[in-house]
Amino acid sequence: MAVTPGYLHPLDKHLRLDRIPTLYCPGCGLGIGLGAMLRALDKRISEGVVDRNKVVWVGGIGCTARMAFYVSYDSAHVLHGRAIPFATGVKLANPELTLIVVGGDGDIAGIGGNHLLHAAKRNMDMITVMFTNFVYAMTGGQVAPTTPLGVRTTTTPHGNPEPPLNIIKVVASLNANYVARASVTTPHYIEQFFYRALGMKGFRFIEVVSTCPEVYGRHIGLRDPVEMYNELKKRVKYKPNPTIDEALIDWEKGIIIGEFMVRDNPSYLEIIRGLK
Amino acid sequence: MGTTYSSLGLITRENQRYRVTVIVDRCKECGICISVCPTKVLVKSSVLNKYGYRPPEPAHIEKCIGCRLCEYNCPDFAIFVEVASK
Amino acid sequence: MRKTFASGNMAIAEAAIVAGLKFYAGYPITPSSEIMEYLAERLPGQGGIVIQMEDEIASINAIIGASWAGAKAMTATSGPGLSLMAEGLGLAVMSETPIVVVDVMRAGPSTGVPTKTTQADVFQVRWLTHGDYIIPSYIPWSVQEAYDLTIKAFNTAEKLRTPVILLSDAVIAHLWEPLVIYERGEVEIIERKKPTSKDNYKPYMPGDDLIPPMACFGESYNVLVESLTHDERGYYAPTNMYHKNTVLRLMLKIVKNINYVYEQETYMVDDAEVLLVSYGSTARTVYAAIRELRRRGVKAGMLRPKTLWPLDEERIYNSVSSRIDRVIVVENNMGKLFLDMKRIFRDREVYSAPVVSLELPTVKEVIEVVEQWL
Amino acid sequence: MKVEVLIIGRGGQGVLLLGRILGLSISKYAGKYAVATETYAAETRGGESRTDIVIGDSMHDIDYVKVQSPDIAVFMYPFNLDKYLKMLRPTTMVFIDEEYVDPGLFTGFKLFHHRYSEIAESRLGTRRVANVVIAGHMAKATSIWSLEHLKKTVVDLTPEKWHQLNIKALELGYSL
């Protein structure tokens, strides 16, 4: 069998091809999300809004965080939960750079939750894309901040006793300029929201609801990637200009996606430039 | 009848307007592309790639409407759609 | 060059500025906070940025990020904060990131006595993070030396692509002394080695000196910062060969430069029969004590490492004449460097003289603990 | 030559600044070596505040950075007097602000006492420069500091808008 050739797929020029295929399990939603983000980035680069050589991808630890080392950009695969403070240092030391932080809900909202709060509060100039797959996947299926109540995981064998975190409501309550939610079953919205975020300043946050058929799917009896994809798709509903109160994320009642917050508050860099 | 593919490891089929290409060794056989295709262009092929997965084959390429849902929903950058050159 | 009167914390801040500091992230903690306060006032005027992060973990990760964006970066903390920075220091070691971390020691364990000193963090800075590594650490005994060794810490970090720790303490932090401050150009400042070509650049491919040239973000090298064990490209490489090579090189690049990294001073050792080993603020009192002992007829000398890790064991051994048959290690802790001295001076009698005191030990206290071994 | 100076006061009285003025003046302008250490209670205002200054010809003249047996002691507030009285020697020069500290406790020492805070308030309009008035008085009484050096030092250490006030405070102290 022949080796995988050079640039073929339209996104190949954005990937470290020698690391493709990814380590993601078959049917993992992360690749869909990454593809959508790269299409948006490609557009912004061709428009001249973003300089390809001034983009830095930062990931903490976890399946999602690995996106950072699959892209052929300046990138960093750092510590669990610490992508946002790392990116903060990068951005402040060289404000020319465009910072893209990628991470799962455990990485960004769990162990890194305090950093997320403070980056949003500061309106720090970076984009954070958090993939919510309801579980700690890389470590083998433990409960996550977003795991629904009652779900059995490897560390909650009698059912998760904690109600899940609705991260959109948390971030929107702070000073972030952009707060949106999409789903891997709606890659065009991921692309659209990320495209918009790339043209803004301040803290931009996108939650992408994702599928983890291998680990979370096993917990809820949807191990087949297609089945899980379709079950998620059924629950996801786009709403134009939704309010924060409408940011429902509930496996039973539905998942509302859309742009919950779009504003132009002064970003951290703008404020410190004004103070000098 | 077995699926055929090029020495570059690509399965390529085209109709008058669109060409669909599958990069055989990137596919993990998740089946999402087959599921999302609104006109049922794709079927599982008979090829086993180097990881033991069976990639899709655009067996009914004549039905392709160029919506790219397969490309956008493929988690592994393994399938893409182009406008066929005249 | 100008003469001033400054505290140890001010000296560290001033030295960082002349060394080229451009990014400081920190979290307030006694007795280090004045470093950040001083820099917050001064650094923005020098084209730098100071940010108070949400905790010490964020601080160290931010300075690692800043260093990869091309800035010389530093944070300062005390023992409890340094504990929180443990994992971040490991990232800096693995990703070969030049950063400077100042630990202004206070009494512990736990919250301990925030405003008072000890020297009990000596092993914390040596074995803080998991895995195999050497993080060079310097320990000053005066305000001037806090200044000089801060510059040295930046130079070591840039030269060897490594995190470096400056181990000050609550005494030095709040001690005011005459200080000579240099301007840029009056003192040697080392900058990191940059790659010369973009062709086939690999972020972790070392030169003959075992140190890889460092490209930074935004310079179109597609650099990859990797916390996993990696190959020259930065790609995860979980094999014995790569792990062993990586760990060996990370340690060897420091060890091979021990002549640069390690500094010490000796006092009155030529005719000495008893050697007192001490470091940092405690060595000030020990220096006074050896003079007092000589007045009493004891031929005492002193060895004072200015670099705590790595120790140049051969140089330490050879700096002592054969007349010396006893070595007494005086530290403001329960005995830490003593263990290394016991190994280094394997053919001498080596004793630990722990002076555990929240204040700088007095001459009387030092003589009391030393006397039992005379 | 070795001189030990102990300054005790209450947080907010400017004990630390007084220590810095005395230390910098000696080491920058008098060609000697001074070390100063600061100790304060956790509360920012109102707690005990202490500065120790040890002066020598060089760093190695200074055995110990803290005062063990003061040649000069300044009490702006009577914290822990029992402890500090034991450290004093008959030759110790003691400066007290008698508004707060009872001169009767210091019989047998070379005592200098004024109501420095009140004097600063009535003559200069603010009690906040009582510490600098004391520095001026110390320059006159001890011959260790020179008034000229102290004037240069307050210019080094304080914001420009306070330079004249501080110089007046030094002169006032020197005139006492």
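By written order: A, B, C and D. Residues from 1 in each chain.
Here, a residue touches a chain if its C-beta (ideal position, glycine included) is under 8 Å from a C-beta of that chain, and two chains touch if they have at least 3 such contacts.
Just so you know, these numbers come straight off a predicted model, no measurement behind them.
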item: Centre distance in Å when subunit B and subunit D are each reduced to the mean of their C-alpha atoms; value: 86
item: Cα-centroid distance, subunit A relative to subunit D, in whole angstrom; value: 61
item: Whole-Å separation of chain centres (CA-atom averages), subunit A against subunit C; value: 38
item: Touching two or more other chains - residue numbers and ranges from subunit B; value: none
item: In subunit D, residues with contacts to at least two other chains; value: none
item: Set of subunit A residues in contact with two or more other chains; value: none
item: Contact graph of the chains (line, ring, star, complete, other); value: line
item: Full enumeration of touching chain pairs; value: A-B, A-C, C-D
item: Interface residues, subunit A side, partner subunit B - complex; value: 1-5, 8-12, 15, 20-22, 24-32, 35-36, 39, 187-188, 191, 213, 224-226, 229-230
item: Complex contact set, residues of subunit A against subunit C; value: 16, 18-19, 53-54, 56, 58, 61, 69, 72-79, 82, 84-94, 96-97, 114-115, 117-118, 272, 275-276
item: Of all residues in subunit B, those that touch subunit A in their complex; value: 6-10, 21, 23-26, 28-32, 34-36, 49-51, 53, 71-78, 80
item: Parts of subunit C lying in touch with subunit D, wherever the complex brings them together; value: 3-5, 7, 115, 142, 171, 174-178, 284-285, 287-288, 291-292, 359-360, 362-363
item: Residue numbers on subunit C that touch subunit A, as the complex places them; value: 22-23, 25, 44, 49, 51, 53-55, 57-59, 61-71, 73, 87-88, 91, 95, 216-228, 234-236
